[in-house]
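Order of writing sets the chain letters: A, B, C and D. Residues in each chain are counted from 1.
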């Protein structure tokens, strides 16, 4: 049997990354998985050759409009759409279709938080696509609706989770996440011009304003009874891809470097895509570009009495498209790691 | 049967890229191909976790010294070494080993040219690894010694070859090739510091001094009886990977845009890794990063009476490591395209 | 007496650079020159603090609309506007006002060329602002209407002029000019997003289509009786500022390196802003960023029988805003070099 | 009278920036200040044309060796040398010479902290060159020995000082400072190659290990009686120049956004080089490149109960060379702002 996969929002960065990964997926190479409709909005009617020149084997395909009709008849539908529109489309897809949503609509559990941050009615909550969070892999296996996490929450959660779960820290965390510019999407904007972003660094949506703030808090709160507080500072940096997260929190008295290291080593021992680096080696975004890996380092800072955790992911791979394919693998019962690179395109 | 593959110079950029591709190669995933010795010089004794953090699944491996002994007992040896040393090692490997050399030692046919440009004795000439050059695919198939081409000659040759072979131009070409900084290798140097290269552009080894100049001329001369003249200007630009080649030459009277486009379309019609873009779309290095593709465009400039050809490759993939794996596939009788991405890590 | 200066298009890159230079100009620091109206279109009503945060001493000023009325009553008006609109405004300014136009409207002498390239009626021809072109400094001195040259023509002209004027080459030139992204202006666009331009190289408006092509030809033709032919290939590269120009042309028999070097040295001996580098040192855009300099190198390539000339400028300084201020200095009878840095913001 | 100024370490980034600023300084342009010896070590004997091509008006000068003899006979000596060597030279200069030291030797007051962080004997403590710190301007005026601050401490101190001095926060601060690569100096290194730093982000010297940590703490402790704790995380980012500092600390109950904004506005009201941005505008390193400004923003984050302060400086200007010239102006009784740009080279 051949499974037919559609990508809505195929000309955006999330959609393009999902397609890159599908084209190298063993089920695609063996013919068991087929790429069906590719949809866009402003690009409808344009060839892939023009809209996505980085996908030459699909060059002759044509982008269709994003409607329930063009997405009908597919076994799997990836949604790489703006939130709101994503939920609107999702609601019209059959229950038998596996829907993997890269937008925010179904990530938050708390309707009040959703309304506060997004200013619209809450669409609902779907299984949340970080399989490395204890309990989530099971919920994702065989699921027919999956919410792919935000890119910042992925980096921050994988950095902080072992420390929170093991009670190494008071969960009052200060997170600074530095991101490449593809995180802002493919939409014309003066502030995101090359001339405005190259050679420059800028914080934005600071002081609790960024919509990923409650998602980070929600993830950490699953693993502690204490109140979780998140100070989140996103920074835009001049690179195309990558997120480096630095997070600190007050260290519980008596936690040593050895304990911290061992906690992280144990937590991620069996995870294919979360990797604790050797002592003295810091995560570097270059070393995860194009791969589905999250590199992590943990350090006890005795002078300041804080734990420092750092992580690196590719915001478009482990942060979006790779997570989406990892979730598809779980949803369809494939090998979870199929088609997902661990080696990075470095340098 | 399992084939055992060694990579000499595994901690350099060429070696690292070969390993990235091997780790995703279907023969590796199926267990038919195994990664053996990984060698380095200054890094001997260091773990891969520290020397190559972008290859986490090999993290526990240790870099060995580059000697004939450490490379013995392998079916395939990739050499990612400085020229001179590469030939010295190559000479000591058994004839039954498939040796794929990423250095320059065995690329040139003319010993005088070698001596002029490299100032040492010529080591010899091996089958030359651009399968897209008519006649070369046959010579590479089953070969046990292969010279992987230089990165600039790959971009310039694939750009100009159809025009030279079809006689669209007088082969007196002016080539400007703009390269990312990984092309200069992984060697400490003030001139190649981030602070000296970011935000800057500089030509280097200009006016015939670059060692890739005779290699470009040699490749084009295979397909014309006219004298080939190459003015070659390499430029260093602030990006990690990628080469954009722009080449012009006097147009033969009466050659139209339609003829030029058709010539290129026909020439590359069956090539998996050379791709003529639609009219109006220019090659962009971003669209080939991490892939083994060469994107090409051709234009008739009637005002100046010249043909303009442009091409984009990833200098470490199609320009080095990808070409090496493509050659390995031919040498060992695998599918030529196995393990070689066509989709790029864009943006 | 205090001169009052207006900048139309103050929130664009050209306008911002002119203001940066005026704020450090000795006539401004001494109070002899005063900054009057700052105009924009979409930004009218916005404070400089928000529209141009890089000019903090003007933070409290407000951007006005670009109209003849807001520009009235100024001794000098800089126009940093789109072509067409620039000429429309210029026509309505009094003859007694010194008008320095950074748009293309008054650069070309040939109305046919203008119409071919710009598709509208030719506005006229004004004194052309490259004082380093023999005869031009005189025409610019005291002029009340000045056309600031295009950024590419400045780099290409200063590179090729000595060779053309001295007859070292046949003026059939192949020019590749690699530019930073600020050259494309400050206008929302998907193709110019940081994510589309960082880590990427792309040629554009190739094969005679770029509007600066006839301007380069016009400049060179002033100094030779031979037919000038220009093959011009602009390339967009991932840096904010800077143009590196590489130009080759057939060498006249018998021209030696010594002759070429001496020709260039003599030609620019007394020029404050054109600088021949020592033999073996190539122009690097980093070394001219923020300065009004053009660095030049010239080399004889005996193998290909061509002369190679390379030049580096900052497209916003010597390429636009610096040239505009240099022209203002000549127009008003100030020291030509006043307020114009020769030292670059390197690295 | 003409003052003679020497720059030791003229070929490094600090030295080069000091020279760039001196060449535009009104006292240099008027002839009251003359540039004397330029020294280096590996570059001794090399022309400025080759060693510092960004300073073309000094092209014919020759770099001398750094010895007390070559530095003798100057009124002002700038030291842009490695720590240790800097103190060794400084000790041999006459008391009548104004010595402005860009190294760390004389910054710290606590000999124990010095020994812990630098592993050598403490050289002493000189007037510390942040005139914006209350009391320091007076100490710097007329001083003959000045310690220029570290680049990170400048950004962090100017960000946090008003909040600490006004008691808006508990001084238990978490600072993440993201720096361009010139901060690491001009020394050959694999880790700092363009290929290793472009397109990548990496934290380094984390968890209290960075030598600027105690300097930040020392500065803040001058203005509070509470214990100051600093968690400092430096991050290397792919840009040549610029530091963006993000700092958070627990907010004292009841401090409103209005109070925070007014505190900062008042604190910096008369400072020429510290600039509070309008609400809603975040500091961006691009907007301070090449200028001596520090842009600051302050925000109350009610959800996390923390204050967020962000600042942007050019690490080579306000972070080093500009601070050095500002200190020279104070030491010699010049206008403090002379020769120091406030407008940035943006974009």
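The definition used in the following text is that a contact is a pair of C-beta atoms (placed from the backbone, for glycine too) under 8 Å apart; a residue touches a chain by one contact, two chains touch by 3 or more.
Note that the structure is a prediction, hence the values are computed from the model and not measured.
Chemist: Going through A-D, A-C or C-D one by one, find the pair whose contacts repeat those of B-D for over half of the pairs by residue number.
Modeler: It is A-C that reproduces the contact pattern of B-D.
Chemist: Report back the single chain whose CA centre is most distant from the CA centre of chain C.
Modeler: A
Chemist: Any idea how many Å lie between the Cα centroids of chain B and chain C?
Modeler: 38
Chemist: Between chain A and chain B, what is the gap in Å from one C-alpha centre to the other?
Modeler: 34
Chemist: Centroid from C-alpha atoms only, then distance chain A to chain C, rounded to Å. What do you get?
Modeler: The computed centroid separation for chain A versus chain C comes out at 44 Å.
Chemist: Residues touching two or more other chains, restricted to chain C: which are they?
Modeler: Expected reply: 13, 182, 186, 195-196, 198-199, 238-241, 284, 286-287, 289, 347.
Chemist: Help me check something: in the complex, which residues belonging to chain C touch chain B?
Modeler: Residue list for chain C touching chain B: 172, 174, 176, 178, 195-196, 198-204, 206-208, 213, 229-233, 235, 237-242, 244, 246, 248, 282-287, 289, 299-306, 308, 310, 312, 347.
Chemist: What residues of chain D sit close enough to touch chain B in their complex?
Modeler: Where chain D meets chain B, its residues are 13, 180-182, 184, 186-190, 192-199, 238-240.
Chemist: Which of the residues in chain A come into contact with chain B in the complex?
Modeler: Within the complex, chain A contacts chain B at residues 13, 16, 19-20, 23-24, 26, 29, 47, 49-50, 53-57, 59, 182, 186, 198-199, 240-241, 275, 277-278, 281, 284, 286-291, 293, 295, 341-347.
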